[in-house]
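The same subunit A turns up in both complexes below, where it pairs with subunit B and then with subunit C.
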Partner chain A sequence: MLGKGLLQGLAVTAKNLVGSFHDPARYTTQEYPEVKPTLPEAYRNFPFLVSESAEDPMGTLRCVACQICEKECPPQCIFIVMERDEKGKAMKRPKVFDIDTSVCMSCQICVEVCPFDAIKMDQVFEIATTDRFNALLLNREQLAKPNTYFQQIHPTEAAEVDARLAAERAAAEEKAKAAAAVKAAAIKAPPAPPPAKPSA
Partner chain B sequence: MTNDLPVTGSQARVRKVKPSAFDLRGSSFPTSDGGGDLLEISLGPHHPSTHGVFRMDVVLDGETIVRLKPVFGYLHRNHEKLGEGTSYLGSMPYTDRLDYLNAMTNNWAYAIAVEKLAGVTVPERAEYVRVILAELTRLLNHSCLAGFLMQDCGCSGTPLMYAFREREKILDLFESLSGSRMMCNYQRFGGCRVDPTADWLEGARRLTDGYSAFLDEYEALLTGNEIIMARTQGVGRLPAALAVSAGVTGPMLRASGVAHDLRKVDGYGVYPRLNFRVPLGDHGDVYDRYMVRMLEMRESIGILQQALRDLPGGPILDPKAKQRGLRPKAGEAYGRIEGPKGEIGFYLISDGTGNPARYRVRAPSFVNLTILEDLCLGHTVADAVIILGSIDIVLGEVDR
Partner chain C sequence: MTPDAATLAGPWLERAPLIARDWLVGWLPESLRWFASSLLAIAVLIGAFGLLFAYLTLAERKILGRIQNRPGPNRTGWAGLLQPFADGVKALTKEDVVPRAADKVLHTLAPVSLVALSLIGLAVIPFGRHLVAIELDAALLYFFAAGAATELSIFMAGWASRNKYSLLAAMRALAQLISYEVPLLLSVVPVVLLAGTLSTTEIVVAQGGWGFGFWPHWFALTPWGFSAFAVFMIAALAESNRSPFDLPEAESELIAGHLTEYSGFKYALFFMAEYFGMAALSAMAVTLFLGGWQAPAAFLEVIPSYAWFTFKLLGLLLGFIWIRATFPRLRIDQLTRLAWKFLVPIALINLGNAAFWSLSGSWTGFWLPLRWGISAALVVIPFLVLSRALYAGLGPRVYRYAPS
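== the complex of A and B ==
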């Protein structure tokens, strides 16, 4: 019968129309600004720098300014300058750490290549500003967030990272203790005097 | 891609066209049979029917198309040259942005190319997870394509919104696994980045089992509809010989009746272990292209159910596989898979340094687009719109 397919299709639209009033599976719209979306734990958008304490973020950044992320970043949006003392010795922390979020493509490569777990992905997504240039170029003060924040947004990953870092720290302490013990033993027992040369 | 005709925007005007300006294939500019003027219309680039920034320079005799010149490059991003300037790992997130509907399959094809180049093996669990993600991608691509095609036909929005409702469920799965809905950046050389949890797999199972019901409803809405049949049957016929000679792949080729599916031909990944059929069309028209995709989705559901059932344990990523600072031995490799749009392939030449010496993408949308004029000649403008819709292009991939 001509028109059967048409009527069948109209029945489907009618079912969806009526269903949208009582069936949540057929009305999936979230009224966004009023209802905030629930983000999955893995959600990522822009990177931030992890600091150990919230009180002194600049003093406790995990970043050692090794610049691996700067080199690996595909769109080249990271800019790092290492801090140096008066003698020019590297201080293993960033003097400048800028991320241009207008260039960043949220690919997470920086997080994957970082050997110090110093850079992680944030979940803040309402970042629109009225200033195109300066507001989107984030410096290290704006990027630094404490480890407790990381534990809050990515609990599984943070637990894993914390356990690994704690193990590394314990191993380093163990090693330092062992080295100190060896040193102490060396001081306590001075090396045996060289055997007297047999008189000619 | 020079175009010496000063056409701006979607303008239409009647004029005498110099023969040299339209000497596209060595033939002279056609004249109207009725002795009247020909009308030149620029469809696009900012036109909703062109699926992005794509322009069709159409010459009409009355309402019949006598010449069609595809003009593209508006979305060119220098993708291949960027690939030569970044490390092997650094190109992975850029592949998401080729065909931005199907990031997972792009990632997979690129990972295969690098794995071949560097001689990396992939754990079995990762192979299964890749199949699961590729088939989910196929579901979302084909559902959306049907929606967009219907939008082109004039079913303004309803089928597309139903497709988007289902697509959003798949994208939620991608987001909870990879952290991003569309720009997944999930595959790595020698496996995948994150191991899917039991919860995630349960969610995928639930979605797979529920998808047949959606397809039934979707087909009840569209497949038997008389208006859609009248609009699409017999329109834009692609003969099998032309499809093969032009290098057309994917559902476009199979709708013309050529049994060529890389999942069967190459048998990459774990596809040889999975049981599925390859749907073929008889007529090669727009309706067949729609139907082949619908049937492919049914097969995809079967593949998903098998893969989710057989998913083994074990590592997801080969721990010996190097990601950063990969320097494969000098040589070349071509990795290809059956993407939802056709054969997506990556050709890499290594000279032993950290960057590929040559990075080339074989984009299915681009190759499938080359036959647009052959399909459209003799049809009307309204038909050209649905023929373009049935080719299933994404301009991110065409222009690269």
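== the complex of A and C ==
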């Protein structure tokens, strides 16, 4: 009959109109600036530098300025200068670590190649600024975030990384202990005198 | 002009608008009073319907939002209540672009005349027992003549833009508006037949009283009146360019049709005219079919008549919004086919139905159910037959590649 479909359609919209006032399944809008969205754990964009402690981020950066990420970065948005002492010896930490977020494409390759778990993906999306140039070029102070923050945004990955680092540290200590024991034993027992040469 | 408040009887609330008018006009010398009260009626009409327009746009956006599971505008003012004024300021401050080749006078005149012609129909609507701006004997003719003149403004807009698309769209709009003018008028004729008058106030008076003690004598509550009401509302949707008949300004298909070359406040005037036309046609539907300012039951007459009119008017306007939220747009061939092959025959048969109703007015007792039965059959049977004819040859759609 003509009009049956029209009435069905009107019933659907009427149900939506009434349902949007009491049924959260029908009314899913989150009013963004007031209500922050809960991001899924796998959400990731823009890398940050992991530091061990929040109090002294520059002193506890995991980064050793090996520059692998700088070389691997496809859009080449990373710029690293290693810190050296007055004799020119490498200090194994970055003096300059810049990421140009206007160039970064959030590909996560820097995270993949880092052998020290020093750079990880962040969960930022409010990156609008009024300055197109300097405000989007992040320096190491802006990039450094403590490990506790990483545990908060990506708990699964952080737990895995922490366990692995702890195991590595334990193995290194074990090895150092063994090496020390060998050394100590060597010191205790004086080396045997060289066998006397047969006189000619 | 409506009579002095002093000469009328009735509850105070009912006479309050007239008392206020007489008090205001009373400050003036005797010779100027008729002029001042006319101006006052115009100002009140424009003010009330301007405000109605403003909040109707907000209500429409909010209700559409809710139907689409989102909140709608809720930032400007408390719960978005200042949104219409923000929109007004925006429309006023936007650049008014007039194409170099356009006819500048007509290009400006079209929106202005459209708003004016949409508004003047409101002059003959009885908003309450004593509230009508002008009492005309031929009020219906005046109303529909003013409504038909808006079509001229739409063509004026298309023509003056000196733009092929605008002109073609304006011609399509004319085809639609003239097509729907016919069922609109044909659905009004039965009311004139039964009420025996063209005056809107007398049509409302003719719908007073209650049959069997509870059933209001509103024309929409009779079989022929229901049919005429339905045809009138469908034609009103098309006449006011509302969805699902919004082809003349289909944004996504016709680059806004005759509105292509309009921007800024002129565009807002077209928008305003659409809502004024919608409100005027709804007010006319209330007057003709829903008993105008009559209360639905005797004990509800303590609520003043103009409040009842407002309730009915708002109800119809919300219906317009609900329909807009639900139905997709028709194609131009579907549109004209619906008018000429369905609405016009229904309205013509309904005219015979109304004649039967008029002749059988003296039937009582056993004959009374028979009268209602015959009249209802005269509505239902043509509806079924014509709707089947409308569907003929348009069987269920077959998809060649998609699994059904």
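As a working rule, the second predicted complex is superposed on the first by the 167 of 200 C-alpha atoms of A that agree within 3 Å, B and C clash if a C-alpha of one lies under 4 Å from a C-alpha of the other, contacts with A are read in each partner's own complex, and residues count from 1 in each chain.
Assume contacts are C-beta pairs under 8 Å (C-beta built on N, C-alpha and C of every residue); 3 or more make two chains touch, one makes a residue touch a chain.
These numbers were taken from a predicted model, which means no experiment stands behind them.
In the superposition on chain A, A:Leu6 makes contact with both subunit B and subunit C. When the two structures are aligned on the shared chain, A:Thr28 is found in touch with subunit B and with subunit C. Judged by the touch definition given at the top, the superposed model places A:Pro74 against subunit B, while subunit C stays out of reach. Once chain A of one complex is fitted onto chain A of the other, the partner contacts of A:Ser102 are absent, as it touches neither subunit B nor subunit C. Touch criterion met: A:Met121 reaches subunit B, while subunit C stays clear of it. By the document's definition of touching, of the two partners only subunit B reaches A:Glu112; subunit C does not. Contacts of A:Thr129 after superposition on the shared chain: neither subunit B nor subunit C is touched. Of the two partner chains, subunit B is the only one touched by A:Ala42; subunit C is not. Once chain A of one complex is fitted onto chain A of the other, the partner contacts of A:Ser20 are limited to subunit C, with no touch recorded for subunit B. Between subunit B and subunit C, it is B that contacts the larger number of residues in subunit A.
Residues 2-3, 6, 9, 12-13, 16, 26, 28 of subunit A contact both subunit B in one complex and subunit C in the other. Across the complex, subunit C meets subunit A through its residues 63, 66-71, 74, 322-323, 325-327, 383-384, 387-388, 390-391.
Residues of subunit A touching subunit B in their complex: 2-6, 8-9, 11-13, 15-16, 26, 28, 40-44, 68, 72-74, 105-109, 112-113, 121. Contacts from subunit A toward subunit C in the complex involve residues 1-3, 6, 9-10, 12-14, 16-17, 20-21, 26-29, 31. Residues 86-87, 89-94, 96-97, 158, 162, 165, 168, 172, 175-180, 183, 185, 193-194, 217, 220-227, 229, 323-324 of subunit B are the ones that touch subunit A when the two sit in their complex.
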